[in-house]
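Written below as structure tokens is the structure these notes are about.
The letters A, B, C, D, E and F name the chains in turn, as written, and every chain counts its residues from 1.
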């Protein structure tokens, strides 16, 4: 059964391809810059994905949260570690973050299930 | 010579004492919760301070940036690592973060000087 | 017929139970603090729910608006009083609040109907 | 086939009628003020619609983006010009704007198709 | 001795006079709308000032906080009641609100002193 | 006599030089991207500066407002045209923008005086 996470992954991919067709150097460079920001450097990519996740939560962007939860899981962060990051976002950003905490936890569960389904 | 960082540290301390006198359980508990969020747990306090710094930068709060820059330096993050965190904040938050990047870099320089002055 | 309000109430409940299973003291305490903030004190709970509603509107969080509209109706605020609060949010927050005003008015109507249906 | 843009236009219209029934002078005046802000003056309405679009993107409000994309197309802005405006929003607002860039591009495509369908 | 509150009151007055000289109907009407939003209606002006204060705190605007703290004191809210409103803002908006809580408490103290000085 | 605008220009220049010394490719590229976003393209640089100004006002960043007001004046926008842009920002962003409107108007006046002083 298709979940909202499958739909997010599909939509994100379709629209990123559409945007890649736009002939605008600034937009292309921004996407490159965004991708490069999470590569290994003085800080590991793993650590920077966690920074991106907390930034997305306090700025309250569900699509950004979905993207960074997936990246964080792929980078090897455990649920216990992610809950800690969620808590920092909650304390910094306040109760207005709670709906996005619900979304983040649901995404985390959906993605763990998706991975478990694939590896069976 | 007194810098703006000395003044920030003084003002923050004076006002936190003033707020501590307020007889309101919710406010007291919030301050406790805030302090506890950065203690060692599934994530180290060091990592969580970096999360707090990036959250403060994308939310564009200079006083919060000052506080977390100091905590991050005390926790042992190097300038090169902090620049990486600044870059994540810049890419996530956009050019509107630039004035706060200036502030963060200046605070970092002022605090390194303050520490160097004390240890001489 | 199920409305989007029924679905919100269901989802909120399911996810709050899921979050309650997370073994993280900070998250648990934050939820307590949030609940306690709207209890009677120097200000009545009724007044504080209205504060929470306006805060949710200017921060433009539809789920938070849904929650506080329901709480405000339960606390006894009339539609005329709620429209006044909506207006303060609109003037403070600007036209960017208009989509959330639409959402708030629709939620208010849906909840009045839900209550009327139950009491028949 | 109904698209999400058809649904947005319908919902916006229904709720604006509902809000117009609210007997609150402040809310009525705010809607007037909002409408008047985009009329020809020292700046053309066309230019001001573009300002409204970029403001909506950096404030990350999809409904506001939908409204202003439609207005900008009706005012005669080309896709190449709109991509330029999108790029300013992206640089000012950062990667957190990307999901709203996807939304804006999709709305632009849907509206061009809607217009093409009507003029056939 | 001049405090920062005296300076805020002076600056606000000077700049509002300057803005009143701008020959733009939209700006003039917005200022009227803003003033009218806090007059007695279905909700008392006193209640609406408190709504304005909490909205200003969660949106983290110190000048707006200063203005509404003064209005709230003039409207008759006690410090204990204002602390309750501060707490709602803190819980909704999170620790990023703390610097603005410091500012609000300081403004409240400065204004109580100003009033006490005048009435002696 | 030095104004706050002179101080802003000086501080911005000093800190940009300091940031230019940071050996981080991402930060360097972001500054390039930011500069390029306002060059002539499908939209004129003049139009894009106005977009940048309104984005800065609704995001409520005084340093960004200062920068874009100067750029807009240099690009040839008249005060009457800038007031129109200010009005769009005010309507979109609400009364929370008013302190930044004061700041923008003051900056505009200070810069017109600075230019008049230089050309005498």
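The rule is simple: a contact is a pair of C-beta atoms (placed from the backbone, for glycine too) under 8 Å apart; a residue touches a chain by one contact, two chains touch by 3 or more.
Treat the numbers as computed from the prediction; the structure is a model and nothing was measured.
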item: Chain separated most widely from chain F, comparing mean CA positions; value: C
item: Pair sharing more residue contacts (C-beta pairs) when B-C is set against E-F; value: E-F
item: Shared interface numbering between chain F and chain D [over half = same, under half = different]; value: same
item: Greatest separation from chain A - chain, by CA centre; value: E
item: Centre-to-centre distance between chain D and chain B (centres being mean Cα positions), rounded to whole Å; value: 38
item: Between chain B and chain F, centroid-to-centroid distance (C-alpha), Å; value: 27
item: Averaged-CA centre spacing for the pair chain B and chain A, given as whole angstrom; value: 24
item: Chain F, residues touching no fewer than two other chains; value: 26, 30, 33-34, 37, 55-56, 58-59, 64, 83-84, 87, 90-93, 95-96
item: Touch-based graph of the chains, sorted into line, ring, star, complete or other; value: complete
item: Touching residues on chain A, where the partner in the complex is chain E; value: 58, 90-97
item: Complex contacts: residues of chain A adjacent to chain C; value: 60, 83-84, 86-87, 90-91, 95-96, 98-99, 101-102, 105-106, 109
item: Residues of chain B defined as touching chain A within the complex; value: 33-34, 37-38, 41-43, 47-48, 50-52, 54-56, 58-59, 64, 78, 80-81, 83-85, 87-89, 91-93
item: Chain B-facing residues of chain F, complex; value: 11-12, 15-16, 18-19, 22, 24, 26-27, 30, 34, 37, 55-56, 59, 61, 63-64
item: Contact set on chain B toward chain C in their complex; value: 25-26, 29-30, 33, 36-37
